[in-house]
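First comes the structure, then the notes that go with it.
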Amino acid sequence: MGNSLGKLFTMTSFGESHGRCVGVVIDGCPAGLKVTEADIQAELDKRKPVAGTMATSRVEADKAEILSGIFEGYTTGAPICLLVWNKDTDSGVYEAMRFLPRPGHADYTAFMKYGGFNDYRGGGRFSGRITAGFVMAGAIAKKLLATINIQVLAHTVEIGGIKAIPISMAQIKKNISQNSLRCADVKAAAKMLQKIKEAGAVGDSVGGIVEGIALNVPVGLGEPVFDTLEGDLAKALLAIPAVKGVEFGAGFTAAAKMGSENNDAFTVKAGTVNTLTNNAGGMLGGISNGMPVVVRVAVKPTPSIAIEQQTIDLEKNCAAKLEIKGRHDTCIVPRVVPVVEAMMAVTLCDFVVRAGQIPGVIK
Amino acid sequence: MGNSLGKLFTMTSFGESHGRCVGVVIDGCPAGLKVTEADIQAELDKRKPVAGTMATSRVEADKAEILSGIFEGYTTGAPICLLVWNKDTDSGVYEAMRFLPRPGHADYTAFMKYGGFNDYRGGGRFSGRITAGFVMAGAIAKKLLATINIQVLAHTVEIGGIKAIPISMAQIKKNISQNSLRCADVKAAAKMLQKIKEAGAVGDSVGGIVEGIALNVPVGLGEPVFDTLEGDLAKALLAIPAVKGVEFGAGFTAAAKMGSENNDAFTVKAGTVNTLTNNAGGMLGGISNGMPVVVRVAVKPTPSIAIEQQTIDLEKNCAAKLEIKGRHDTCIVPRVVPVVEAMMAVTLCDFVVRAGQIPGVIK
Amino acid sequence: MGNSLGKLFTMTSFGESHGRCVGVVIDGCPAGLKVTEADIQAELDKRKPVAGTMATSRVEADKAEILSGIFEGYTTGAPICLLVWNKDTDSGVYEAMRFLPRPGHADYTAFMKYGGFNDYRGGGRFSGRITAGFVMAGAIAKKLLATINIQVLAHTVEIGGIKAIPISMAQIKKNISQNSLRCADVKAAAKMLQKIKEAGAVGDSVGGIVEGIALNVPVGLGEPVFDTLEGDLAKALLAIPAVKGVEFGAGFTAAAKMGSENNDAFTVKAGTVNTLTNNAGGMLGGISNGMPVVVRVAVKPTPSIAIEQQTIDLEKNCAAKLEIKGRHDTCIVPRVVPVVEAMMAVTLCDFVVRAGQIPGVIK
Amino acid sequence: MGNSLGKLFTMTSFGESHGRCVGVVIDGCPAGLKVTEADIQAELDKRKPVAGTMATSRVEADKAEILSGIFEGYTTGAPICLLVWNKDTDSGVYEAMRFLPRPGHADYTAFMKYGGFNDYRGGGRFSGRITAGFVMAGAIAKKLLATINIQVLAHTVEIGGIKAIPISMAQIKKNISQNSLRCADVKAAAKMLQKIKEAGAVGDSVGGIVEGIALNVPVGLGEPVFDTLEGDLAKALLAIPAVKGVEFGAGFTAAAKMGSENNDAFTVKAGTVNTLTNNAGGMLGGISNGMPVVVRVAVKPTPSIAIEQQTIDLEKNCAAKLEIKGRHDTCIVPRVVPVVEAMMAVTLCDFVVRAGQIPGVIK
């Protein structure tokens, strides 16, 4: 259980890293939205491995296929099933680790929860690979949001302890496709890549922080007191493997500010209400206030490292040493960027549909 | 909509700051749990205003009443309705601010979302006062968790930029009732109180960080990939007014660590599996791993400050100045502590019930 | 669990027959709907005991109280808590029957499910009295539906085997308030009342059939394939104690018809599409087609009868005889009528809100 | 939206009659359940067209494929995606009817709801073909129920007005595979087949009634007051195209009975409680009482008939005549039988999982 997200615009995820496929069923998408496989493919391509960030490479063509819900190029109102077939699955390396849970991975908890019946190959259901489904759902969600002018984007703001400097929205939009790390601070990006390479060279890994931004979000999205926009964004973003923290606007730094400093003063200009600052990250009382929705997620360093680690043998119930072979990213942060966009887009879609802001049929 | 939380063990919140009452309906609590009004009152008393942290005081007796679901001292399996009547509601001061949204508050978003029909008095539905209902639900949840030995506690780790030093669990348990700020670092607590007083003296406010801990959580709670323990905890905690960030274990600091540093090595001793460190905060792949579940929430400084602020007049659609009169806390962090416990307890209950770890009837 | 209904417009029921109160929390009602306690009271009064249908009478004033969600006469968008306090609760008679489950009642299943912790007095949570909450929720729902011209009404079509003749909608509207049984066929109503009196005289009881009708339902309500309008109406109506069957349009009689006879031919007149007949009961593929939505529910005879019955002693685990004392209706069918209206109204509200057919703020 | 069913054990349906495939994702199935494609195929084969009941035949191999969630022959706890590819899809015949909604079909409501973007071919999303997904989910559900000895079966009790005589459970089990109509009354079955042939000869169709029975259901399943076993069974069964009514136990006949006649007297024998009769259909207060759960559904005559019908032209907005060509069943009742079993099984699984009656891992 737990593989569905959303209330009216929902996504149901299925598939495993080394099974037949990874897929998603999107339900609640209004009819009449123009969607092609190319639209989905374009998003999917964003989560391809980044040059220089991987020890060894799993090369998946990852071709998006539409199984249902789209007819003559438009959504029909019926559930949309999308999937990618798994092809380049070399599971041999995982056989040796079947009973040796990798520290920092879900191997141990999955084994315990499912009594050892879980598909352990490549992390199985807990692999980052399942985010291919998230991204495909996000592709649909982004197209739907675009009909009411909402735009979602994400960028890397920290890797391996190297922070990007604050940059204007215009610069962010311009710069994030300038480098493979999707970092708008081009100088920092170069240092980050260097850091990743150094870590990779010694068989270690690094983490980072991704910032997601939604623009043109209308005032009033979010349902108090539990189904807040913040709460549902956080829940969606924490479904991304390796994310261990979520903050909005000033986030944790707000804790050290004075109220007079943290409060965003209201202004009005030509009938439009804005705030002078955006420490609230675009949400007050869990409801969007018309300012950009800003969220940051903490991505832990990839747990799969080549360095020998201390673990246990689940069969023999004793201490063991583990050396992870096979393919793994030294840094997944840039690959998390499109997934953050996807999860934000999917969550926002659910709220705009709930709020009746999108008609049942797109014209 | 959005006022219910949980899947099997659910809470539905109702009531407003200056309406007749604040209440909660808990559904899905197994029958046979011994619960008295005193049990609920004890938790409720924890969120009373703290001496030295309030400008002026709203003094509510806040007596918990059981309206349904408990018979002859035991839960019956039927929904449990709990409420406190509002008494000390001086709404006059809010009349003047009806169309002047307080920066940092939900006044503006509520006005816009509900077309001005929202009960604006004291923040209405968005008041911190609704957490009285959360805490009452938490009281039931804690009692239920206690039947399987799970313990939930929270403590203040930062106020106004002053950080508590890391302290052992034994010390935390011992110290958190030693001061009104619920801070286990007694020295830091003294400085924090001083900081609060200074802020209050100039009509300003401060925020902070609360850490919640759940002990003896069995391995295997949490449902991948969306209904993770992390995701649902975050969503529940973000329902607490003023919380702007949530992190687990090492959280945002994990982003700057190396994988070899952040991974928690497994050990086994007398058949019990543990990890040497707990950077994962007790959860791997969104599933509990048997270590303490550790979460931290960022609490922004109270937005109600006495200092004059820049806002807008929603009636006249023009700029305006705002001076907030009336009662407000200089620092709500210590009052958030029991609410963090409550939201953690309620969320954990939902998971243990889903996991079939608690029988339908408590014996 | 299981005490909430609906997806966006939801109701959460609480309370017991002999506890402190019976209530309901309605969530998802748009702001700006004018609602008074008198509106709610008017619906509540419809489910008062009917003269001539009760053995002995429980006389409850049943005064509706609004606890939250309505401010200055209008809904605020916040959850609406409504309740009636229990007053005339003579529980003594139930003490003797505590371990003697009444045949046809939920006494046995409740005892088993809740390990004897259930509030057994007057059926506790399983009493027909909880429908007072349903009807209060229905009062709100009806007012909301009225804003888009949807009207819901129900009437008695059979009692004790006596069937009302088919009657035109105009006559139904005119006649249903003509007699206490809410039967539009006035002649049949007289025979039904006679039948009820005869049954009551010998300590027995009778059941019947209630038909619910929703007019002016727009085309397109209902979500395939599971959240159909039919499916959700059936689920809601089966929450009414004593209902054991639900059918739509021609219902069970459709099973014996030919396709050519059962299909409703389409016609178009001045741009408006209708069907010549309404065997589909206003729904095709689970979606409303613009014709009146017609549903019938089978109400079993009241299980509480004065005649001695064979049961078991749950304490001694042996056979026992049971003579039910106390108050009970000989026929609850007319009292089910307003409850059918309420459940239909609540369900339709959920669908119109989901479909975005009602704005977030009523103007 | 609306394509998912269940709370913990859920199914999400996707696919269309003439699209690429029809499928289902099952979530919440415990790990460790032995499942093969052959198990699923066996159920799927039950809904093949029945000889003598179809005008012209669509011949689909309908081979079940497992896409996810099963590893080394056992469920893993991950979502199980099952599908059948559509092959024999001759859509040409539907082109001519694109704007001519078939009376009794969802063509009109689908067109209106989805603004003409719905896949109209063969009824698209509203085709009976989507029940292939239901039946595959039911195959898993039945295997899961078997681990706690619950058995679900269904049989035809009426076709074209011809009723089967009441038959003992032993005879039902023995006889239902004796004839293609799945009718335990072998004599009635012969007459039913004759009736179907007569209807088919004149281009007409017939409906009927299917009875579903669940044996060995433990006492206590079902959640008052809304998530009753009756309510959720009804909702699930009404998702089957053509079902227009649902009744439990005595159902609509209970309406005409006296209470003394309808109440099921309790008996106890060797510690086991039973009722002498089963007018309640195994449920009291919406909760199972340990007796067989008995439900009957009314299946309307197939709306696709060869006889010319009166309809409208949705493009030209005028009256039109319709002659349906292509393949269609004269009677779908026997094909509904396995679908009733499937929907009952899926619903019961959800309740047994919720009730914690099945462990998270099957051993």
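All chains are identified by letter, namely A, B, C and D, in their written order; residue positions are counted from 1 within each chain.
Keep this in mind: contacts are C-beta pairs under 8 Å (C-beta built on N, C-alpha and C of every residue); 3 or more make two chains touch, one makes a residue touch a chain.
Remember, predicted model here, so these are calculated numbers, not experimental data.
Minimum number of contact steps separating chain B from chain C: 1. On a Cα centroid basis, the chain most remote from chain A in this structure is C. Chain centres here are Cα averages; for chain A and chain D they lie 38 Å apart. Chain centres here are Cα means. That of chain B falls 46 Å from that of chain D. For the pair chain A and chain B, the distance between mean C-alpha positions equals 27 Å.
Multi-chain contact residues of chain D (touching two or more other chains): 1-4, 8, 13, 78, 113, 125, 220, 224, 354, 360. Taken as a contact graph, with one node per protein chain and an edge wherever two chains touch, the assembly is complete, since every chain touches every other chain. Chain D meets chain C in the complex at residues 1-5, 13, 101, 103-106, 108-110, 112-113, 125-126, 130, 158, 160-161, 199, 204-209, 219-220, 222-228, 230-232, 234-236, 238-239, 241, 244-252, 254-268, 271, 273, 275-276, 279-281, 283-289, 298-305, 307, 309-312, 317-319, 354.
By the touch rule above, chain A contacts chain C in their complex via residues 7-8, 78, 220, 224, 353-360.
Taken in their complex, chain A has these residues touching chain D: 1-4, 8-10, 12-16, 19-21, 23, 25, 27-28, 31-32, 66-69, 71, 74-81, 83, 113-115, 117-119, 124-125, 360-361, 363.
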